[in-house]
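Below you'll find the structures, each written out as structure tokens.
What follows is a pair of complexes built around chain A, which joins chain B in one and chain C in the other.
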Partner chain A sequence: MQIQYKPTRTLLQTILHVEILQGMALTLKRLFSKPITRQYPQEKPDVRLGFRGQHALVRDQASGGSKCVACMRCATVCPSRCIRIRYHEDEESGARVVDSYDIEALRCVYCGFCEEVCPVNALVMTEVFEYGAYDRQSIFFDQQRLLENWDRFTELKGGGMDNYVNPFWRPRGADEKTLTAAKRVKVPDDWTLEGQVVGKKFKTERSV
Partner chain B sequence: MMQVLILFIQILVLFAIVMLHVAYATYFERKIIGHMQVRMGPMRVGYHGLLQPIADGIKSFFKEDIIPEQADKAAFRAAPIICLVAMMTSLAVLPFAKGWVLADINIGLLFIFAMSSLASYGVILAGWASNSKFTFLGGMRSMAQVISYEIAMGLSLVGVMMLSGTLNLTEIVEAQGTSFTGMYIFPQILAFFVFCIAMLAETNRVPFDLPEAETELVSGYCTEYSGMRYAIFFMAEYIGMMVMAAIGTICFLGGWNGPFVIPFFPPFWLILKIYVFMFFFIWIRATLPRYRYDQLMELGWKLLIPLALANIVLTGIIKAFTS
Partner chain C sequence: MTRPVTKTLEIPVADGERNPYSLKMGPQHPATHGVLRVDLELDGETILKCTPHVGYLHRGFDKIAENRTYAQTLILTDRLDYIGAMANNVGYCVAVEQLLGFSVPERAKYIRTMVCEMSRICSHLLWLATHALDIGAMTVFLYCFREREILLDLFEELCGARLTFSYPRIGGVRQDVTRKFIDELQRVIHLFPGRIEEYETLIDTNRIWLKRTVGIGKLSGDKALALGLTGPCLRGSGVDYDIRKHRPYDAYDQMDFEVPLGSDGDIYARYRCRMEELRQSLRILQQCVDMLPPGPVLDKDAPDLVMPLHKNTKGGEADSTSYGTGIIKFMEEQGIYPAGDIYVSTEAPKGELGFYFISDGSARAYRMHIRSPSFIHISALPTIAQGELIADLIANIGSLDVVIGECDR
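Take a look at the complex of A and B:
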């Protein structure tokens, strides 16, 4: 294929500066189009389902604490190693009891592996994204803070979050059988391995 | 004595109005360019950013004024003032309406040329006095550019002078008559074309903003300037735009004459036409990329000057045969 870098122009087109006029027509047209600017603090962007924002530990309605069973999966999977859990085993029942649960959110890369891997949907990433602060301490989340984050998120969503389940907490494309009961939530069709619209599929479906 | 006082008051009023216009010309420009780029431009200060120019003025007024250690102090201080004074002086001869002119001199057009050339001294001095590579290059470019385009611009207006037979700006407007077809843009369309391009180059605007050229020269001749001195360069640039727009309006678009007379405010049509010109400046800026330096010189010497000369010859021939 031969690439034509310089479009051919007739003499009249050269004299009348047709290309410049075309460009000016385009800018004039854009002058009357609607700006795409979002006036941020007044106009918040609509957060999509599956957004990975501030971390939170879901508050268990029964116990009032977190649902965490100290399985250490999140701490293991975390690529930036920002999760630190300490636990001890209960003398009688042998169940693990969480002593401390810390997330150093400044080191977090927001990959969302922790919420995917959590078998009981205890650790989640909320839709809150405005939590900047002037010191490091305020962005270091201990268990207490993480539970408070969840409370704040429920308040933001307007309550009714007792049985809130986000289908995006489910690992993408994983087989139903390998998942724990809490993870077997209904996902939108385009979130499944077969239904997802990416790559070539995206191009063809867009063009149709 | 009384006359001097009245003149002084007139000067003050003109100064205040022009300064206000300069302030809002920046707002106008930012808004229009913003919307042309599908953005919004200033939105935060006041309703839709209406107080932005005032905030900018206050900010630059109270900013620290830095003079580089190695700079030529006297020239460094003088440069922006030369720019501003030269530009503001040319306002004196502009007729805003019949009789609305500070100094109705017979060499009005020539005076404006002289003053706009003088303003480029300010730019060159600024470039040299700052003692920095970028400013020096900016100053040099400005010098070469102004020399090249001053000629094209002067020659393009010779046709107008020949048709009207005068250099007095008021008389030029009157020579065009009040009718639409009397405007010199029709017999002098070639000259108008040359003038429009030369006007952009004279005021150092995109696509001929080589003296500033942010992408190559940081900020060109005003790289080392800060605070109020930088703002003065800016003011000079915008006043220059306005003066050039006024010249274009007076020489080609029939000055203050319009389809009907506006009572109590005769300069209405002139000001409207100046705004249209300003919009044109901004529109060009939003559209075109910067010329390369050799392209700029080529355009000036190989195209505009021959065109302007041809226009003079044509006008002369036609005038000789028709009268």
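Take a look at the complex of A and C:
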């Protein structure tokens, strides 16, 4: 497609500065419309569900601790290698017990792979995005801090976190059969394969 | 303490010749779009020689990729061209899929095409904003950012990030679209044509804009091809080359769109090409929304994030060494990944983005090379800028649409 782009200007238009006035009229019109600028520290932006922000370990209501089973999947998948887990095996039951769980958030690239691979929904990236600090220590999250992050996030959401589902825990459009038992949680209708959005034209063409 | 003056300043002038002087522009100059240094040799205001220096933002992605699995390398591509990161993500995934022989479900192809075009609009809007600001039109800058914000919100709804998306995956995409996303996108498609007209009202026929762009930075089609330019820079010179048309990937072969071509090859032609591309992108978006087929968004054979190809290794003993680096050894024994090399290119907003892989059959690339359009474009700068004025150099850098993150990698 050859584009037509030779602007022409008559003598009268040149003298009267028509194109300049048109531009000015547009900017003048904006003067009377609603401003779109957000006064940030006073007005918080609207953060969408599943925003990849500050890390947290989900606090288990039953035990009061984290749900982590030390499967090491998050530490393995992490591209920036910022997760460090230490565990020992319980001598009687053989179950793994987490000794320490550290996330060095300054190294994190916020890809969200860790929460996606977690088989028990223990790890989450919350919608909290304001946690700047003046020293490195306050952005180094150990297990205690990560659990506190979850509490803070719960407070932010106004409680009722039993029904909270992060989109990365149970990827939208994922087949139920491929997920672990803990990930087969109840989700909104359009997250499932049956309720997914289909194009209007596709529907009509297939019915014909 | 003042230094004693030993010698008065004398400018040596040869007989009948004017002495050129050198000027270092950048690397912190705001008009160079990042950390680009340009060494100039000037005669008055005319550029005799211009040498761009790159490498101030070098992070060694090609090398880091050798130490990450294919799934992990995806996050590096976010940081190439951070303005339209989704196109890089998709380009990388398309390349790896062709190397390893994975297929993508139909729905995922449409979603990828959709996000690619959204990314193109994002990139072109930011290009228009900064380019106009360089030339001196500040209003357009503010208006473009207003629209870009809407698209970034949409990306946030889709994948939880506004800039570094990491959204596609090898063999599909990570998340399906929501109904809210599709509704908002539909609104964007209706809203944007009017907004593009607004920008055109502001600068299209503006006499200052025309003075700064028409006839400046001219490149003939042959010259542009010889310099290796791609994307809107090449199409502005009238060469019909668009990978979306000529070697379609994802769902581009199903799409009905046209490739805008200029003829003069000056800054104004490139500007017009990009503006038309915005409209064509909106057309593609509308078709994607209309024709979105149902089905899964991730192929059932797609490699697992944490243990690539775990699902395909039936009967393989996954012992304790299969975590961490052990997994690589484990898969080498199985001989899963095909060895060989491949070059796959896709149409990123800036031009042809190519990935060249040498695979030795392991889960990591033995060598990954990125053919980034910005690096090629910056090398064309000396040819374009020679003989022109120093003020036009700013306009030239802007019109080539370079992002230093992609240029230096």
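We take it that the second predicted complex is superposed on the first by the 169 of 208 C-alpha atoms of A that agree within 3 Å, B and C clash if a C-alpha of one lies under 4 Å from a C-alpha of the other, contacts with A are read in each partner's own complex, and residues count from 1 in each chain.
What we mean here is this: a contact is a pair of C-beta atoms (placed from the backbone, for glycine too) under 8 Å apart; a residue touches a chain by one contact, two chains touch by 3 or more.
Treat the numbers as computed from the prediction; the structure is a model and nothing was measured.
Q: Chain B or chain C: which reaches more residues on chain A?
A: Partner with more touched residues of chain A: C.
Q: For A:G199, using the defined touch cut-off, is the partner it touches chain B, chain C, both, or neither? Pick first, second, both or neither.
A: second
Q: Check the residue A:C111 against both partner chains and state whether it touches chain B (first), chain C (second), both, or neither.
A: second
Q: Touching A:P35, do we find chain B (first), chain C (second), both, or neither?
A: first
Q: Of the partners chain B and chain C, which touch A:T27 in the superposed model: first, second, both, neither?
A: It touches chain B and chain C both.
Q: Which partner does A:E19 contact after superposing on A: first (chain B), second (chain C), both, neither?
A: In the superposed model, A:E19 contacts chain C only, not chain B.
Q: Does the superposition put A:R52 against chain B (first), chain C (second), both, or neither?
A: A:R52: touches chain C, not chain B.
Q: Which partner does A:D175 reach: the first (chain B), the second (chain C), both, or neither?
A: A:D175: touches chain C, not chain B.
Q: Which residues form the common part of the chain A surface touched by chain B and by chain C?
A: On chain A, the residues that contact chain B in one structure and chain C in the other are 20, 23, 26-27, 36.
Q: Could you list, by residue number, the parts of chain A that touch chain C in their complex?
A: Against chain C, chain A makes touches at 1-3, 5, 7, 9, 14, 19-20, 22-23, 26-27, 36, 47-48, 50-52, 72-73, 76-77, 79-80, 109-113, 116-117, 125, 167-168, 171-175, 178, 188, 190-191, 193, 196-202.
Q: Taking the touch rule as given, give the residues of chain A at its contact with chain B in the complex, in rising order.
A: Touching chain B: residues 20, 23-24, 26-28, 30-37, 39 of chain A.
Q: Please give the residue numbers of chain C that touch chain A in the complex, ascending.
A: 68, 71-76, 78, 107, 110, 139, 146, 149, 153, 156-157, 159-161, 164, 166, 174-179, 182, 198, 201-207, 210, 258-263, 268-269, 272-273, 276, 288-298, 300, 304-307, 323-324, 327
Q: In their complex, what parts of chain B are in touch with chain A?
A: Per the touch definition, chain B meets chain A at residues 32, 34-40, 43, 283-284, 286-288.
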